[in-house]
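There are two complexes below, and they share chain A, which is joined by chain B in the first and by chain C in the second.
Moving on, here comes the complex of A and B:
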């Protein structure tokens, strides 16, 4: 008999594939290697009326051998600007992936909860302090930044003109900074070019 | 049930509070010397400020204390033992709190105690025989009080995964926050004796750690637990490893210093760089955080290793002020009083600490030497007895003297942290009594070292006087 965590993954994989949400291509789960079912690739589509709308977010899912008694380890592979997700590592701060996990939950529950997190952030329990501060202090700037990241990294449709943003990034590129670093520095410093330069060169 | 099997090994709770034989010994000094004629009329606590009702037991005996507390509550509230145990667990073994919460919003109390689920069940589970975790229908399902039902194998794997993470009493249902009581654990783990043992082992440590009237003996590999009737910063002494501990904070027994001051004192002592730097002449104190800084090389731009403050070695002001005009600092030197006052203050603080530390450390070392003295006395008595010069009983007073000396020296050592943090008139009085105690202890020490040639009556008089000084100081300067 196969061990419990593998039996569960097989069953849950079928559950996600046949789910209503998968039919509407809102969530997806893929097996990377048939011989190793402990590593999976998840996909969540950015929900409507959010800065992430239309973006495709890839998740790295690891199943511990104590699954489902312990939660799966999930992180974002696609870069994202969100208070509960690290803009650097992709680590997610979500209660059900920690102490609120219950063995009766499934990968489908996890993917839907992550999608719900994109819909409603919880800035009081932040993973990324900088993003959380911006979210609370300057929501308009937060939306703008998050949207820019969604268009850049998650392939969200371009709906706004980012000429100003592009110009600032270009300035940093000419100073020899990589594009990722430039975007991170500018986002962190509220798109203030001077402050971003200071942070990069001190 | 595991709980019952524990009980058979233990005696009744009443036995724990036995009389303190060691304490009794101390009284004879008063009685013999007539120095306190009315000592017998004093209650134990009045005559001995260190007296503290406590018991020391092998940890397994804690189960019968817990069982008794659970039984009392279950009778008072007319609930089952498992319910009473969960209620006590939620109030950290505070029975009166449990009773008042029970008589208040009982439903909320049951939710807080994780007896009732905090959220209603997400969906009614279909009446199927298949386990929702492993999808197998081979095994019989076990249903918890909340209605959630899984197969026994899954429950067991789940419990094991929790135990591996150090959770025992706090194990909840796999699908809601209802706690699994002992009777559930016992039923599910009936065939897994090693897992059940691990569960109760973890549960026991958690109970002792959360119970306000219990404390583990901090002795290395010691399995004893202390039980008191009232939590106080007083001495508990292990009957197994002999360690003397403060019940309140769990540190070494530190009367007449209070727990907070003693903790601060230990922190100060651990940071002994302060002491070392004092010896080196090339040190100054950081003007910002007062830690001692050693100057290496000729550069006068100093950065504090502790707080990273950049300052000038010569005038002790912020380095930023001299960024462009280095010699501007002579301006500050022109006002030497300001600088001197700054330096002196920090220096004085350090000197004060060194003063108390040296005495604390000296009495600590003497205490270790007193240990040797006792051993020497023992050897000497053995020789005397084998030479036919008296019996062990005849020489017992010498060992009593050595024991008393250690006890007094111990108290004296712990007066220094107290004195260090004291201020004002109280401090003068304290240090006066401390000096008197110190004097008598040195007299006693002198006589004990020469015990075999000292007159017995003289030695016993010295013992009585020293102990009176010690007890007086402890009584006059209660630390709680």
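Moving on, here comes the complex of A and C:
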């Protein structure tokens, strides 16, 4: 007997592939292993007029046995600087992936909702408190940081070349800190080099 | 580990660890007063699911046909002691099965002469033990029937067990002087009586769109037929009185269902004319023409459930049997899918045997009957 979650995933896979959004290459879904349809790879493109514009974001999608009565488990694989997404684990805070899930939703609507989340953050319901604080307190710095992360991790086109940022990261690199750690520390401390160094060495 | 050794000893006192890590055991397992040599080797991580089993030729003989079951038991086992308990039970079953004596020679001679009486050409199957036979018959309507007869070892002291695909169970009159040919004659009589019943259903199958069952067998007594999209009528025909008014249950949006029900109650019994066919009567009473497969396309009536996104339910094979009452929405669902969804929500209210929730698409209030786990 075919189980419901697998039959539905097959159908939804076809739906995403033939969707308008996929044709405009805004979203994508891939099967990792033909024999295990509960693990999928999703892709969303950073929407225009956001710091994420043009970035390619890879998502890890897990389908529970109880799908569609419970939501799929989705998290970011690509690192991202966003109030509702953990900059460390990639966990997403999105109502439809939690209590607002409805069995009528599909992988296509989930991917589109995540894309919409990139467009309109919800700083009052944050996943990453540090990012949310920055988003509210210093929106300009938030945009700069988010853009830098998008260019570094998501392959967004380099429109600005921030020499100041690179110089600060280089300084930390010379202290023997890995690049990822350096970027995380600097982003967390509003690109204040001293504060970042303090946090790394205490 | 010490705990597990104690338990192993408790189940099989003669099975002892053969190495210090207790990854291998050898000794004897005792079932039904017989001891068999047995050796069990666990992989390095001690995972019982991948244990290797060696045994003597007698035990091997017993297990040879049951390897698949044994593998399954091994995969399902929690630990070694619980597997050994399972293993002993399985062995016990296998041994008692094989211990059954063969029937006396006159069983076979009687069987052969009785089959001869029926005619070998009508015998479509006989098993290697000469216990299960199948007789194939054609009825006047061109339908093919298969009568399966299981003969106990003590036949003809014990009666044979008959099985056939019929709307009601086939229970032939039997005494020790009844031959198999008599049973076949009784069966022929029974299928003759059902001819009108099957004719009624055949007419529905041919002239209307049947949503359920997806591939009806000769035993099914109901058809769910399309009235128009989102509205259908489940008709259950009485096998013994097929020409009488059947039990009708309309399925669809509440308002439309009410209209159909009103027509059924107000005109049903008075206007039913036993000289007309069931289909004609239904069309008459409901003042509708059921869409015909000749002039309409099946795609027009194939609805997808808003939860599983399929037409046929993944378990029971039924077409969607619930429709949202909001006319702008009219989203079809399988009752069972909707039920499962509502029970997974904390906001669902439960009262008077109904679950109350909202349509997933338009948030209109909806309710489904609480389901009693079916025995099917």
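By our rule, the second predicted complex is superposed on the first by the 202 of 202 C-alpha atoms of A that agree within 3 Å, B and C clash if a C-alpha of one lies under 4 Å from a C-alpha of the other, contacts with A are read in each partner's own complex, and residues count from 1 in each chain.
Definition applied: a residue touches a chain if its C-beta (ideal position, glycine included) is under 8 Å from a C-beta of that chain, and two chains touch if they have at least 3 such contacts.
Source: prediction; values computed, not measured.
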**Request:** Record, for the superposition on chain A, whether partners chain B and chain C clash or fit.
**Result:** clash
**Request:** May I ask you to decide whether A:102 touches chain B, chain C, both, or neither, giving the answer as first, second, both or neither?
**Result:** both
**Request:** For A:68, select first, second, both or neither according to whether it touches chain B, chain C, the two together, or no partner.
**Result:** both
**Asked** Is A:178 contacted by the first partner chain B, the second partner chain C, both or neither?
**Response** neither
**Message:** Just checking: does A:166 make contact with chain B only, chain C only, both, or neither of them? Give me first, second, both or neither.
**Reply:** neither
**First (chain B), second (chain C), both or neither touched by A:11** = both
**Request:** Go through the superposed model and pick first if A:3 touches only chain B, second if only chain C, both, or neither.
**Result:** second
**Request:** Examine A:89 and indicate which partner it touches, taking first as chain B and second as chain C; both and neither are also allowed.
**Result:** neither
**Prompt:** When the two structures are laid over each other on chain A, which of chain B and chain C touches more residues of chain A?
**Reply:** C
**Item:** First (chain B), second (chain C), both or neither touched by A:25
**Value:** neither
**Asked** Which of the stretches 44-52, 62-70, 98-106 or 170-178 of chain B runs into chain C once the two complexes are superposed on chain A?
**Response** 170-178
**Message:** Considering only the contact definition stated at the top, list the common interface residues of chain A for chain B and chain C.
**Reply:** 4, 7-8, 11, 66, 68-70, 102-104
**Complex interface listing, chain A residues touching chain C** = 1-4, 7-8, 11-12, 66, 68-70, 102-104, 106
**Request:** Would you tell me which residues of chain C are touching chain A in their complex?
**Result:** 306-310, 314-315, 337, 340-341, 344, 360-361
**Fill in**
Within the complex, chain A is touched by chain B residues 132-135, 148, 150, 154, 157-158, 161-162, 164, 174-176
**Request:** Within their complex, state which residues of chain A touch chain B.
**Result:** 4, 7-8, 11, 66, 68-70, 102-104
